[in-house]
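Just below is one structure, and these are the notes that go with it.
We just call them A, B, C, D, E and F in the order they show up, numbering each chain from 1.
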Amino acid sequence: MIKKLGLTTTALVAALAPVAAFAQDAAPELNSGDTAWMMTSTALVLLMTIPGVALFYAGMVRKKNVLATMMQSFAICALVTVIWMVAGYSLAFGTGNAIIGDLSKVMLFSVGKDSVFPAAATIPESVFLTFQMTFAIITPALIAGAFAERMKFSAMLWFMGLWSLLVYSPICHWVWGGGFLGSDGVLDFAGGTVVHINAGVAGLVCALVLGRRVGFGSENMAPFNLALAVIGASMLWVGWFGFNAGSAVASDGRAGMAMLVTQVATAGAALAWMGAEWVVRGKPSVLGAISGAVAGLVAVTPASGFVLPFGALVIGLAAGVICFWSATWLKHTLGYDDSLDAFGVHGVGGLVGAILTGVFAVEAVGGTPGALEGNIGQVVTQIVGCLATIAWSAVATYVILRVLDMTVGLRVTTEQESDGLDIALHGERMQ
Amino acid sequence: MKFVMAIIKPFKLDEVREALGTLGIQGMTVTEVKGFGRQKGQTEVYRGAEYVVNFLPKVKIELAVPDALVAQVVEAIQAAAQTGKIGDGKIFVFNLNETVRIRTGERGDEAL
Amino acid sequence: MIKKLGLTTTALVAALAPVAAFAQDAAPELNSGDTAWMMTSTALVLLMTIPGVALFYAGMVRKKNVLATMMQSFAICALVTVIWMVAGYSLAFGTGNAIIGDLSKVMLFSVGKDSVFPAAATIPESVFLTFQMTFAIITPALIAGAFAERMKFSAMLWFMGLWSLLVYSPICHWVWGGGFLGSDGVLDFAGGTVVHINAGVAGLVCALVLGRRVGFGSENMAPFNLALAVIGASMLWVGWFGFNAGSAVASDGRAGMAMLVTQVATAGAALAWMGAEWVVRGKPSVLGAISGAVAGLVAVTPASGFVLPFGALVIGLAAGVICFWSATWLKHTLGYDDSLDAFGVHGVGGLVGAILTGVFAVEAVGGTPGALEGNIGQVVTQIVGCLATIAWSAVATYVILRVLDMTVGLRVTTEQESDGLDIALHGERMQ
Amino acid sequence: MIKKLGLTTTALVAALAPVAAFAQDAAPELNSGDTAWMMTSTALVLLMTIPGVALFYAGMVRKKNVLATMMQSFAICALVTVIWMVAGYSLAFGTGNAIIGDLSKVMLFSVGKDSVFPAAATIPESVFLTFQMTFAIITPALIAGAFAERMKFSAMLWFMGLWSLLVYSPICHWVWGGGFLGSDGVLDFAGGTVVHINAGVAGLVCALVLGRRVGFGSENMAPFNLALAVIGASMLWVGWFGFNAGSAVASDGRAGMAMLVTQVATAGAALAWMGAEWVVRGKPSVLGAISGAVAGLVAVTPASGFVLPFGALVIGLAAGVICFWSATWLKHTLGYDDSLDAFGVHGVGGLVGAILTGVFAVEAVGGTPGALEGNIGQVVTQIVGCLATIAWSAVATYVILRVLDMTVGLRVTTEQESDGLDIALHGERMQ
Amino acid sequence: MKFVMAIIKPFKLDEVREALGTLGIQGMTVTEVKGFGRQKGQTEVYRGAEYVVNFLPKVKIELAVPDALVAQVVEAIQAAAQTGKIGDGKIFVFNLNETVRIRTGERGDEAL
Amino acid sequence: MKFVMAIIKPFKLDEVREALGTLGIQGMTVTEVKGFGRQKGQTEVYRGAEYVVNFLPKVKIELAVPDALVAQVVEAIQAAAQTGKIGDGKIFVFNLNETVRIRTGERGDEAL
């Protein structure tokens, strides 16, 4: 995939090289196995948002907000699909320049049954762009955890639509679409920067701009139905095979290794969070185990096409402990109300993973050595990638929110918040 | 007629019902309630957010009884519901002016 | 797949042509990529019924009927599997004549490890027939939404068994099995007529014959747990990738395009229903969003292998608005009690999709142009396909129901209905 | 897969033969279609445990134990992943001897992006070992049903870790890893002995050693939320396509036939249990239908690559009736408290399937004829396989439990049991 | 003032509310309860484990009424809640010492 | 002894408990109930089917208090539960004949 472009500092050349090589032999041919795996991966990544994220988040809110929380994921799924079709894909993967794509693929008018995207030449472009669409969907859906239980639905739709075009598409272009981060050699196999740091930072800004929920710190805000969250986390885990192994854009050894390291890191992180909690709190919790698993999935995302199982295990263990610390100690100390820890898990886990990818990358797996193989500069490159993502995500998110606050208004009324968003915004209730 | 209301520990419900059965009482109404009292609740922690749940699940039993039976009923409930540990609950006795059986319209002791 | 046969008016010839062409080179060979995708698609379509439809429907009924509603989908899944094995597959896909197949494949005695179905020559017949089996399963499961909360379980089993043999298999044969509708050029890529119009019309007949639920219009019949319905709708969405892209019976560009247009139409319809509701009712509901998504999935089903994204978007938007109207205004005006809108969503959505397929079909995608490409006659052909399906489905369903009413009896007693089917029919309760 | 080794009595020779044949032509090549299907199968089998088994079991316990029950599956998934990486895979599939593998693959240090496991030469070793890992995960997760609602979490983790290394890996090696049962010609396509009999017997020993739940037989222990169990059973059914058809380790006709017979046997067993219950109890229950489906899935597991649809139907019907009897009559008569029928369904169903595989095996499908094709000795071979599995599983499980009972202690206190494991062990509640 | 408590079948709630509405009564409090009595519950069976659920879902209505209305209220409830089948429930009448409307602080009959 | 029953808005429960705590009262029983009254419920719409839910979630607090404390208790509840908006609820006071602490068998004021 485009990620392969990210491996050299002369990305565009590199990107065209294999295609050219192919072209010498013959026209690049579709591979039915690659196509089968990519269609499967697309279904798996869609499953991550609906019902994955929808359940994971809905299981952590109070009863009166369960439906509204699921609604956010579902509506984002529909909205971003159309936005991606209209312009998002073109802005992210149209040739363009180092910063942004172009409008050559607007409305997908240029995509036919036999179209092929050059850097993913063994599968139809329709599959490539739908696979990428599912990434564009899940990223904003993750943000929604930060402002759960208090944002207006109309404002949320506006925010997500603008954010998708102004934040997701550009950053996606930077890393995977031929932009400057990919050219600079930033390693991000499946979205540590593009998806998780991006969503986590945007979430933190949302939590700060919207402010805390009424009653935060005093009222009992215990999750209503953690069983839903466990189902959601399980769907995330399973679906993440499509997310990471699918990012190989092929059904091959690299995809297989990406799947294996995903499994290992996730397990390691689940055990680590559980263990940390057991030591600190005296009891290992279910919420802790699933949070740890998600932290591990997040952290291994950038690393998945670059590391071996042992590196993945270390990444997982680190992510489990560090995200436990950020979601419990850090948040409560700083006092922001990132309701469902979009930043604490995705932002922090993404950072851990992005940086450790620079440490544990193995040349034999992804073509680029990491610090342990002597390429210490890769860690610096990774940090640059993180900083660029953080900067743009934070600034643009802040501006969008402020503009919306002055126009449609971001927050529900106190009365709506106390009645619950289910009845207040959608006229429905869990009986 | 008197009206007896007892707050007991949920897992004692079956024993209480049996004890009352041996007195010939077969009708009662039961409600799930939350009790606040000396007994302390457990702490739940969700990602570092601690909630001490200071109410505890209890069961409320309500039954109307003829005056003659009140003392026995109270005693039976107390004996059956007792564990000796804190949180066993209370029994309250009220005067009852009137009882009507909806199905038949019977009133007073016959309606019980 | 057989749908490819539907493209010409000389279907049988066309059907054999590619096989013959292949045969000239060599025996047609299994393709491991196609086979992988078709096994995946089979799993995805099974997921649509259990737990997809089971949850979608169970989430919309009252608490006392949740388990019984799930039981209907589950039992239908088991029953139709056996019926399809015994005779259903043979009646649908045995050579036979223009109306019905034959008994050559009864009990699947003729199917071995290396059997191949001629029109699906790159995959094993075992996979082809299991894939088709999942379609045969979901179609009756959809009908059950129309008579939810009031039908006897024994009567339901009888009805579904007979319906599968007498209605599903023949109509499946007409369109995909070499029958007259396929020969006439009716376009139905994945089951607009065979599955959705068929199920929707049968549902309407059931709703009319069984009559309304006790308390319909006066009692509060609010859904008990819409979260279940959201999970179900999500499973339907994800699983539908197997339904539509799987109907290409290959892992190729047409499958990829079918997946893409499925996603686009579904998103469009979810937004359209939500928007219509927002305008008309003042609040966009979760039930509306998921109902819209399902309406879009239904409508794009016949179109999926024939249209491009833009056409799909229009189909989705139309389906969202029209099904909103049929499930709210139409039903309440006419006063029938189609409990969970099997007709309002599947019947009406199927009609919208079948007809618009004739409008938006693109020759470069599926080989047949639609009205927009000048082939206005295709719309007429599509309407003929719809009418034939409606006619047979309505008449046969009615006859089966009447016979069962006189023999086993269709409806539970009023007391059972008021106690709820969970305890009354199955001796179980959600605690 | 390795199961293919089980087909002849000269297994090792046979195992190497195809590889050798390949080697004559050229190095064995990865097949992208096979790889795609095996990655998909891996995701499907993972789905069987999380959320499959987690939900199936959680749906059958009382409210106060729902989360703790899900936690068992989830924690086992994480724990066994790491154990499999550290040593489990090596002990099971390292060359070793007839009893146990070796330590050549410890920590997976020897597995690279391009590694291939000889007997699964068309897919990357990373995929093969992750697929096998999901089997190593689900087996202990199944055991947990036997001691639900009363085991300490710490003891459970110790038990599962030790059991995985001391029981699962060896038995897996015996049958699939080049060990003596495979060499002896025991047919077990996807884990009738390795997974189900093994887990069932271990479960029975757990139930006996831990003793009954407080209040067993007197208190109302009705399932809190059977809807969860239906979702779980559905996930199991769908995921089992990966379990059985994935065990072909190829995307071919044998995989397709394995999928078809899985579907047929499952449906047959669901109908059979439901029917038996209808006759005996007067009402067909939802719990019965899903239990029957799982019994059918279990029973067809060893048979799936060896039989045709008709044999599968008979196996399913037999499993449905016999497991109904074991989970209702047998358990209550003998008085042990196998809370969720790990033995009654997996142990008994596994035995039925293992033995009937010897009856219904068809040479044209899996290379080995069964008793119906005149090879009556195969039934004896199958029984030997069952007895060996039962013996080691029972003895080793018993020893592990006794050691743990004397060290960490197996059971929660009576007060914890009455408070419920959710709050007592994990500090959380379903609100 | 009197305090009327009625245990009725759940599906009769709407009818009872309407009947009380015609008497001009618009306030009441409703609780979901479980009733034990002569009416027998249904049997649930889970894999051979039988549980006879001998409680039945009932609804408890509580309302404070002025003395003058008590007779009518009791009659209205009895008429509306009656099916004539076993398990129709009971009506209990208590003396009420005092009522306060929290919003306004009104007391006595004005508070109702 | 008197028995005080109050119907309040659910989110006021914590404040009421604290107010009672300052009077030295630590025991009470709480039930989730549905209130019908002047306050209007919200409308739910499911695919065009409208249900006006005319009951509202309320919380019922019940506590037995010594005669001497009744006035203060009623006042404390009223003050803490008041929002001034419709639907704040009611307080009812009953005579209580007898109280028994199940754990110890104590009776009367000592049992509270």
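In this text, a contact is a pair of C-beta atoms (placed from the backbone, for glycine too) under 8 Å apart; a residue touches a chain by one contact, two chains touch by 3 or more.
Just so it is clear, the structure is predicted and the values come from calculations on it, not from any experiment.
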Common touching chains of chain F and chain A: B, C
Copies chain D and chain A - interface residue numbers shared by over half, same or different: different
Interface with more contacting C-beta pairs, comparing A-B to E-F: E-F
Distance between the centres, which are taken as Cα means, of chain D and chain C, whole angstrom: 33
Centre-of-Cα separation between chain E and chain C, whole angstrom: 47
Euclidean distance of C-alpha centroids - chain D vs chain E, Å: 53
Multi-partner residues of chain E (at least 2 other chains): 31, 44-46, 53, 94-95
Residues of chain D whose C-beta touches two or more other chains: 31-34, 36-37, 40, 222-223, 231, 251, 281, 283, 285, 287, 427-429
Chain pairs that touch, as defined at the top of this document: A-B, A-C, A-D, A-F, B-D, B-E, B-F, C-D, C-E, C-F, D-E, E-F
Interface residues, chain F side, partner chain A - complex: 11, 14, 42-46, 53
Chain A partner contacts - residues on chain B that touch it in the complex: 44-49, 51, 53
For the chain A and chain F complex, residues of the former touching the latter: 218-219, 418-419, 423, 427-429
In the complex, chain E residues that touch chain F: 3, 17, 26-31, 64, 94-103, 105, 111
Chain E-facing residues of chain F, complex: 2, 6-8, 31-38, 55, 58, 60, 74, 77-78, 81-95
